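Once you scroll down, you'll see the structures, which are given as structure tokens.
In what comes next, chain A is part of two complexes: it sits with chain B in the first one and with chain C in the second one.
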Partner chain A sequence: MLVLDRASLRYGPILGLSPTSFELPEGGGITGLLGPNGAGKSSLLQLVSGLLPPSGGTVTVFGEAPFRNPSVLARIGLVPEGDRLPAGLCGDRWLGMMGELSGLSGAPLQAALARALDTVGMGDRARLPFVRMSKGMRQRMRLAQALLHEPRLLILDEPFNGLDPEARLGLMDLLRRLAAEGVRVLVSSHILSEIAQLTDRILLLFRGRLLAEGSVLEIRHLLDRHPVELRVAGEPRAVARWAVEQTELAALRLEEESVVLSVRSPRDILPRLQQAAAEGRLPVHALDPLDLNLEAVFQYLTKDHV
Partner chain B sequence: MTITAPSPWRALRAVARGYAPRVFQGRGWAVAALVAAPVGLSLGIFALGRLRGLDAHPGEALRVFHEGLVKMMLPIMALVAAPAGIREDLEQRTLPLLLVRPAPVWAYPLGKGLPWFLWGAAWLVLGALGLQVIGGDPALLLGRIAALVAAWWGELALMTLVGLLFKRGTLWGALYFFLWEPLVRIFPPFLQRLTFTHHIESLAGSRAAEVGAHQILAQAQVTTPPLLSLLLLLSFGALCWGLAGWKLQRTPIGLAGHEAEG
Partner chain C sequence: MPIYEPTLPPAPDLTQGQPPSLVLMRFDLTRLWRQKIGRFFGFAFLIMLLVKLAIIYVKYLLGSNPAFEPMQDFAKAVLPQGPAFQAGLLDPAGYLLWFLVALVGGGLVARDTLYRVRPLMYAHPVRPRDYLLAKVGFASALPFVVLLPFVFLPWALSLMVAGLQGPVWPTVPLRLLPAIALMSLLMGTLAVGASALAATPRAGVGWVLGLVLGTSTLASLVHGLAGFAGAEALNPIVLAQAWPQLFVGQEAPLLGWLSALLGTAFHVVLWTYLAARRTRPSEAVI
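Showing the complex of A and B:
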């Protein structure tokens, strides 16, 4: 569905995105584009959505270059960052225009309008002028325009900014539902918890470079040189004695009723630890990975680039 | 859902209809006032004169037409209306929402400009009719209307194009209208043809009989047949709309509203 082959983007002398390569497969699913502000997320989304052509390399969406390409754009929906909408217009009229510009007309257009407004919960408020809409309502209208033509690839740039908690959850539910219906959703955020709640598949960007791609665990496994912390609850001295004999141990810290092990290659050491516990050689009550979460992955990956 | 990209005609119609309400808001009424104010003022003065038993003076209608509408108000109308066209979406950063549609991007400038053209043209026609009341020559009415509408078409298109070419499009437009057009009289005569004023006068009838001593040209007047002037104004407008569309089609415009080096 989406292939970037050493695609890069320059803004004059500034490199917005270093040569980047990755693929997204056909079919539904959510991919999170994660990175701090200025990481290159919007640059990447602009390439994928056909707003900008790459300065180098190639971008292929549905088998074609997306820049000013109607056959590709007909299958893409974009929700840009922010809540900007044209001044002086009402929601329903503007949405109708966007539908017509997407190739819809007549009864299919009316049906698409009703469906999109219903999906975002704006069916009864779409006639309001944009100036009288709240930030959340404007965000919903922007989402509605992206859903009108039932795109196969939905791109959202920081869609949770400015939304209240209820609206966030609602949007997350909607994105999950769309993904389940076969829509490929590419969503960017600089908030790790948002992406972690939404998807396990992430693209991690930092300073214009794609640092990692895959699930949180897959990425974590790439980081053998970065130790993983495991809290092992049980008999601390016995666990410590066992741990110091393991080659993967990087450090340990004794706590009152547990030991925090800092280990490399957790995939190798964990089975041995579990086996020792199962055989009664190691008095272990519980095992708790402390940093196998997105936050830790992000910090590890970006630490070397700061 | 199978989607086919809309034709240029459908895209034009959709954008023009979608943005049409903008002309009924503040900026649209400002455009209307630029015509209504000088004509209305003249009508008011004329009405007062009639109350005192004075007759209409044909020269007054000529003066308001050439000095008020053509030289002053028409350019200001273009300077006011054009930034509300496609330039507005660029500055509001709402253009990406249009650019990611499968519609022909080159149709957007004209689509957004059409409601402004029609709105301004309607007021210009009303203005020309109003001038008849204060003594305008009926034989020149059609020429005046054609001149105003065709010049409005060309000037609005020019300002739309300039707004896409330059960040300070309004400034460059103002320099063209208020520096180049008056100054052209000191340059070789053929350059008169590069002014809106010349073609408007060709269509609406020369005001040579009415010019004062300070307005005498330093060069010989050149003549252009009225129909050719009409054709030139309409063609120039179409060319500017086309170039604006071409510029938008070719220029990568990102979410920040800035161009990127593609």
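Showing the complex of A and C:
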């Protein structure tokens, strides 16, 4: 569906995105585009959504270059960052214009409007002027305009910015539902917890470079330089005695009622630990991986590239 | 067992709509209609039009009714005659029309800049040239539509009351239509170019008025100081006044054909180029 082959983007002398390559497969699913401010997320989204041509390399969406290509743009829905909409304008009028710009008219346009508004839960409030809508409602309207032409690829740039927790959860549910219906969702954020709640498939950008791609666990397993930390709650001395005999152990830290083990290959050591606990040789109450989450992966990757 | 493709809802037909330029122009027209600024301008232009029609009727009476014969010399001294009278039909193309174009055209691009609508438009199958065409088309169509009654109603009244010998030449529409087309293009491109430089609609109005008055002042200064009359070709107000004079063949028009042509081409190319640069997708980044 989406292929970047050494695609880069320059703004004059500034390199917004270094040569980047990755693929997103056909079919539904959510991919998180993660990175701090200035990492190149918006640059990448501009390339993918056809707003800008790549300075180098190629970008292919649905088999074609998206830049100024109506046949590709007709299958992409974009929700840009920001919350500014023409204040005095009514939502349904604005949405109608966006539908017409996508090539809809007459009865199909009305059907598309009703369907998109129903999807985002704004069917009964679309006639309000934007100035009287809450931030969450405006975000839903922006999403509705991207869904009018039933895109197969939905791109959202920082969609959760400024939303309250309830609106945020509602939007996440909506994106999951769209993904389940077969829409490929590409969502950018610099908030780790947002992406972690939404998906575990990530593209991690940092300083204009794509650092990692895949699921959080896949990426974590590739980070050999950083042993996985496991907190084992139980009898600390007994666990420590067992652990020092394991070849995968890199470091060990005793705490009051637990031990933190740094292990190089958790996939090998965990079955043995499980077996020892099951046989009663190891008094273990709980096992808690400390750095198998997105935040840890993000920190390790960005530290390595500073 | 064969594997079938997943069943998806039928994709909507995206080929039935109007061209994007037309959709955008229609949307701007709807917005203008709801802003209701047309009431003031409609009233003002209507008064001007009624005065024009009254003058034509008076001229007809002066020429056809012996009772008014003693007043003919006075009327000739007061009212413009011949080609100057024909060109004068478009007098409203003065400051009021420029003001209308500034008020409406100044916000056309700036409003989309303020609300960051262009990235959304360009993410739909809208090309930058569709956008530019819509904005320039709308800004140019507005003065064209306003000026049309000033050509056709005096012409029709003159034909009705006096036939081919009336005060308005029978060929006036053929002469003035190209003139108002050029005037409208000049006004439209200048307004859109100025609006593209602004960040808010109000600033856009200021940019249009500033550019019109600024270039006029500059041209007058150069003309006055250097004695170079051709500098007036930079003055958009003079250009707008000169085209009707040239097309009706008025003696001693404000500008010659070449000056008017070069000046108009300069403004149209410059402001269209600026508007195109400022509305590129790279300027409308997410």
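To be clear about the criterion, the second predicted complex is superposed on the first by the 299 of 306 C-alpha atoms of A that agree within 3 Å, B and C clash if a C-alpha of one lies under 4 Å from a C-alpha of the other, contacts with A are read in each partner's own complex, and residues count from 1 in each chain.
In this text, a contact is a pair of C-beta atoms (placed from the backbone, for glycine too) under 8 Å apart; a residue touches a chain by one contact, two chains touch by 3 or more.
None of these values were measured; they are calculated from a predicted model.
Engineer: After the alignment on chain A, I want to confirm one thing: do chain B and chain C clash, or do they fit together?
Structural biologist: clash
Engineer: Taking the superposition on A as described, I'd like to know which of chain B and chain C A:His149 touches: first, second, both or neither.
Structural biologist: both
Engineer: With both complexes overlaid on chain A, does A:Arg10 touch chain B (first), chain C (second), both or neither?
Structural biologist: first
Engineer: Given the touch rule stated above, what does A:Arg68 touch, chain B (first), chain C (second), both, or neither?
Structural biologist: A:Arg68: touches chain B and chain C.
Engineer: In the overlay, answer first, second, both or neither for which of chain B and chain C A:Glu81 touches.
Structural biologist: It touches chain B and chain C both.
Engineer: Of the two partner chains, chain B (first) and chain C (second), which one does A:Gly106 touch, if any: first, second, both, or neither?
Structural biologist: second
Engineer: For A:Gly182, select first, second, both or neither according to whether it touches chain B, chain C, the two together, or no partner.
Structural biologist: A:Gly182 sits against chain C, while chain B stays out of touch.
Engineer: A:Leu51 in the overlay: touching chain B, chain C, both, or neither? Say first, second, both or neither.
Structural biologist: A:Leu51: touches chain B and chain C.
Engineer: Can you list the residues of chain A that meet both chain B and chain C?
Structural biologist: 11, 42, 45-46, 49-52, 68, 70, 73-74, 76-78, 80-82, 84-87, 89, 93, 97-98, 100-105, 108, 112, 142, 145, 149-150, 157
Engineer: In the complex, go through chain B and note every residue touching chain A.
Structural biologist: Interface residues on the chain B side: 1, 3-6, 10-11, 13-15, 17-19, 21-22, 25, 88-89, 92-94, 96-105, 249, 252-256, 258, 260-262.
Engineer: Given the complex with chain A, which residues does chain C contribute to the contact?
Structural biologist: Result: residues 6, 8-9, 11-18, 20, 23-24, 27, 30-31, 111, 114-117, 119-127, 281-282, 284-286 of chain C touch chain A.
Engineer: Over in the complex, which chain A residues touch chain B? Could you list them?
Structural biologist: 9-12, 16, 42, 45-46, 49-55, 67-68, 70-71, 73-78, 80-82, 84-90, 93-94, 96-98, 100-105, 108, 112, 142, 145, 149-150, 157
Engineer: Quick check: in the complex, which residue numbers of chain A touch chain C?
Structural biologist: Interface residues on chain A, with respect to chain C: 11, 42, 45-46, 49-52, 68, 70, 73-74, 76-78, 80-82, 84-87, 89, 93, 97-98, 100-106, 108-109, 111-112, 142, 145-146, 149-150, 157, 182.
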